[in-house]
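As written, the chains take the letters A, B, C and D, and residue 1 is the first residue of each chain.
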Amino acid sequence: MEIGFIGLGHMGDPMVRNLLKAGKSVRVYDTSAAAIGQAVEQGAAAASSVAELAATADVIITMLPTPAIVRGVIAGPDGVLVHAKAGALVIDCSTSDPRTAVDLEKIGAEHGKTVIDAPVSGGVPGAKAGTLTFMVGGSEPAFEAARPILSAMGKNIVHCGAAGSGQAAKVCNNLLLAVSTIAVSESMCLGVSLGLDPKVLAGIINTSSGRCWVSENYNPYPGVLKEAPASNSFSGGFATDLMIKDLSLALDAAHGTGQPLPMTAISKQLFQMASLQGDGGKDISAIVNMFKNQ
Amino acid sequence: MEIGFIGLGHMGDPMVRNLLKAGKSVRVYDTSAAAIGQAVEQGAAAASSVAELAATADVIITMLPTPAIVRGVIAGPDGVLVHAKAGALVIDCSTSDPRTAVDLEKIGAEHGKTVIDAPVSGGVPGAKAGTLTFMVGGSEPAFEAARPILSAMGKNIVHCGAAGSGQAAKVCNNLLLAVSTIAVSESMCLGVSLGLDPKVLAGIINTSSGRCWVSENYNPYPGVLKEAPASNSFSGGFATDLMIKDLSLALDAAHGTGQPLPMTAISKQLFQMASLQGDGGKDISAIVNMFKNQ
Amino acid sequence: MEIGFIGLGHMGDPMVRNLLKAGKSVRVYDTSAAAIGQAVEQGAAAASSVAELAATADVIITMLPTPAIVRGVIAGPDGVLVHAKAGALVIDCSTSDPRTAVDLEKIGAEHGKTVIDAPVSGGVPGAKAGTLTFMVGGSEPAFEAARPILSAMGKNIVHCGAAGSGQAAKVCNNLLLAVSTIAVSESMCLGVSLGLDPKVLAGIINTSSGRCWVSENYNPYPGVLKEAPASNSFSGGFATDLMIKDLSLALDAAHGTGQPLPMTAISKQLFQMASLQGDGGKDISAIVNMFKNQ
Amino acid sequence: MEIGFIGLGHMGDPMVRNLLKAGKSVRVYDTSAAAIGQAVEQGAAAASSVAELAATADVIITMLPTPAIVRGVIAGPDGVLVHAKAGALVIDCSTSDPRTAVDLEKIGAEHGKTVIDAPVSGGVPGAKAGTLTFMVGGSEPAFEAARPILSAMGKNIVHCGAAGSGQAAKVCNNLLLAVSTIAVSESMCLGVSLGLDPKVLAGIINTSSGRCWVSENYNPYPGVLKEAPASNSFSGGFATDLMIKDLSLALDAAHGTGQPLPMTAISKQLFQMASLQGDGGKDISAIVNMFKNQ
């Protein structure tokens, strides 16, 4: 079985390495020849175009930056669906939006191919360690077919429902991450302004009803968690500008269903304000600077 | 040692019962004679006024509804500090505000008495079960003096720092609880509007970076957690109007230190909108009705 | 000179009538045969397709509901630009978005045709009375060519700048209208809750620094202005769901330029909450119901 | 008739000058001896305490910074009401809150004196020019008694209703001013980011439904209005920290009546964020810096 992998960025490159480590046969394509070269050094075969890659692969994985690019690469006139073999399985691991995922599954079916959405959480560290969570949207048989391949790159492979459900679950989770990051920033800064020691406050929160993943693992107040981006000049982690993009996907999906999301909307705007002040490339926890007496 | 206890409401009454169960000698006062009668049936002695209670008690505990009432009962012209014995310890368990707590400690010291703030989390169930968390603000010796008494009513007794720190920690935690409740409501409603099963979505969130105490223990989407208020007509739990009061304390404290709290502020307003629509007496998770397609 | 007019809805129909009254020769097209029939009764000629209309017109005006439809009708494979005569002028009066307008002008130029954006304000009453404001984006000569035609339908023809500027100006104005509507609702409801007479309060605001177009002409508090939608069951006027659409255009445009818009974002969400409660078809002033003690 | 005037700050000092110019007999008091000295140079008599001033005056005007100070000066143990003559009229021109005004009127009546609230709009320029607007809360006869005196300091004397109504009207107006300032900032910055000329955009807004007092007279985008604070380094005008105080009064009043004010609440937080970044002393239009690409 040959796996074609399109998109060798910060996430795609380590994902390919893990597929190779698991003994899979992988052919890769990227718009950067250097990125292809790196993967070839690790044992991958190279393709010179999406079309060439699609023509021979049994499973095609895409890991691309925006829904528009995903749509072009998979369903475009010279894209995956036009050139792939009958019965091929396409796994889109990009963070896209539910509507795009639903559309691609339908277009795929018209071409006699299966497209599922399988966005990830865990970031670059999870991609390197092979511990990503995959949130999968698609039919049960398609999920079962994808599972052994995804297992080579992650440890938590969740079937969320029909096509689009993986993307839906991801945006629902990420909006919570965004809101939590800001809310913990507010709470910590208020406490410090009232004279509390930030580590003591974090300890109280983490044993109380305000506890969340962010307060426990990613506290945005500098110095509380030694390994967190907040204690390391807000480097590494999840860039503010990428979170703005993810929040847009959530808000666009909500617009489509008429779903109000006031806290999510204001979160996006606060991150946008931080980005305007020059923190777009920093980790999302840098939002604390909007609230912290410097 | 005699403990005086003032304020026998939904919280104070079970707290007194636990003190009695632990073998403490307790004298009680409340503006309701019926409430006093109930406590006397359990073995408490009665006082006919704050002054009478204060005159004989070694430790005085207050559990009262608002900062203004706390201030009057403790520091008013016929209050605890005027009548208590030299060296008495006053433990205010009410949810008040940091500034009131700091003031009372200072006024207490002028009277030769010690006042500490020790607000609780855990609600009525925690008060009944004797499993409250106490967040204590005051000196180290005062904390140590209070600890064995508080241990009869709770299981987690945390020293947060100097006077006012207990109230500060409480408002910092509760604002996170408020924001989380709304954010989880948004996330769950978005997911359902996109076709996800609410239990599946909750499961994904609870193993991802959106996880929080609310998503795990208090999911506001009806049917996800059988025991949660959301699955029981939003009854029991933490009333929306009380949360509005707690958020006011947080916002007032923040106003005093010049601390911006945008997410907290909008949370308060959303709860106020829910209250205006008639949900003020329902559990905070009823906020989900503002976002859910009925 | 022949004018082709595409889109005979609530706005397009009276605009065509005013062109005819001014003695212009007009050929019309709509997907509804009944709408075409009505215009023909008024003196317009009918076309059976966009292509047929485009083939003979010197100036083509479009008045369509969404940017996607505008793009299809003007730049689609069987659209205006493919079929229009060399040198034709296309005036898009739809509320679209700046990026679409910029794209269409560029595609138009590639076809040797001029496309300008000219969205309107004034609503159905302005369309009927011929008193619309046109906000025009495009070159100076194109603006001058369009002006006499637009003058038959409106009385305020403003050149906002290059292509896209008309759409930009419109979204900038409409976000202010949205925020003002909610803010005046808050102010009026607060005043009434404090015991003020709503007409007295409106009078004070209208001579003070809180004055705005909404407080003067469109007060959302029922009974203050006899002719306003708020005093007529929130009927007529500007539907909440259309405002949600316009706010999306503003927020999407802002996303593209990295512009934070917190008040605009929360406004959209509040209107979305009102729509969820069943007020989507009512005038925007119905938002007052979210704040008013019923 | 002798007028006693307490509070000779930026507003009180020019108000006293206008009373003197109108030929009134004025006795003044302030905690600053220098301020008293200045007023005496203009022709005022001096008092050495509130009590002394109250003892001889027929009408006492207060212009003080906070509700707590107002309450102390008027109703405190050595305050105006204790020492004033029977039948004296007390006019509080401070920006206070409706509840304080209602309380003071009631306490005044118990002392046989009349207290009315008469906060102003127009700022320091209006105080100097004698063109202030007075928003008056109190009985009709009290309003009529105050009118000739207020007319010496302002040109628009409005009776808003019973005691507290003046303060209520003022907070209702000022919250609109706050929201408008931020909304116009968003609109202008979005327009500029989309390529519009700021003066052209302001012109369009000012003839459209987004028009407001701020867009016309106080445009926050630098360079649009030559005389506005925004074009003069945000100096002069209405300081951000004072607006934060006024918004607190509005939000506290709303809390008391259970009135939701989401846009007002978020406005306060945005100004608080600006203040945290060092703009608290600048005019409110400096909020534009939170949205403007520098």
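Keep in mind that, in the parts below, contacts are C-beta pairs under 8 Å (C-beta built on N, C-alpha and C of every residue); 3 or more make two chains touch, one makes a residue touch a chain.
Just so it is clear, the model here is predicted, and its values are computed rather than measured.
Student: Sort out for me whether B-C or B-D is joined by the greater number of C-beta contact pairs.
Tutor: If we tally the contacting C-beta pairs, B-D comes out ahead.
Student: What's the farthest chain from chain C if centres are computed as the mean of the Cα atoms?
Tutor: B
Student: Report the inter-chain centroid distance for chain A and chain B in whole angstrom, where each centroid is the mean of the CA atoms.
Tutor: It comes to 39 Å between the two C-alpha centres.
Student: Could you put a whole-Å number on the gap between the CA centroids of chain B and chain D?
Tutor: 37
Student: Using Cα averages as centroids, what's the distance between chain B and chain C in whole Å?
Tutor: Distance between chain centres, rounded to whole Å: 51 Å.
Student: Spell out, as numbers or ranges, the residues of chain B touching 2 or more other chains.
Tutor: 258-262, 266, 270, 273, 276, 290-291, 293
Student: Quick one: in the complex, what on chain A touches chain C?
Tutor: 244, 248, 251, 254-255, 258-262, 265-266, 268-270, 272-273, 275-276, 280
Student: In the complex, go through chain D and note every residue touching chain C.
Tutor: Its residues touching chain C are 98, 121, 133, 135, 156, 158, 160-162, 164-165, 168-169, 171-177, 179-180, 182-184, 186-191, 193-197, 200-201, 203-205, 207-215, 217-218, 250, 253-254, 257-264, 266-267, 270, 290-291, 293.
Student: Which chain C residues qualify as touching chain B in the complex?
Tutor: 262, 266, 273, 276, 290-291, 293
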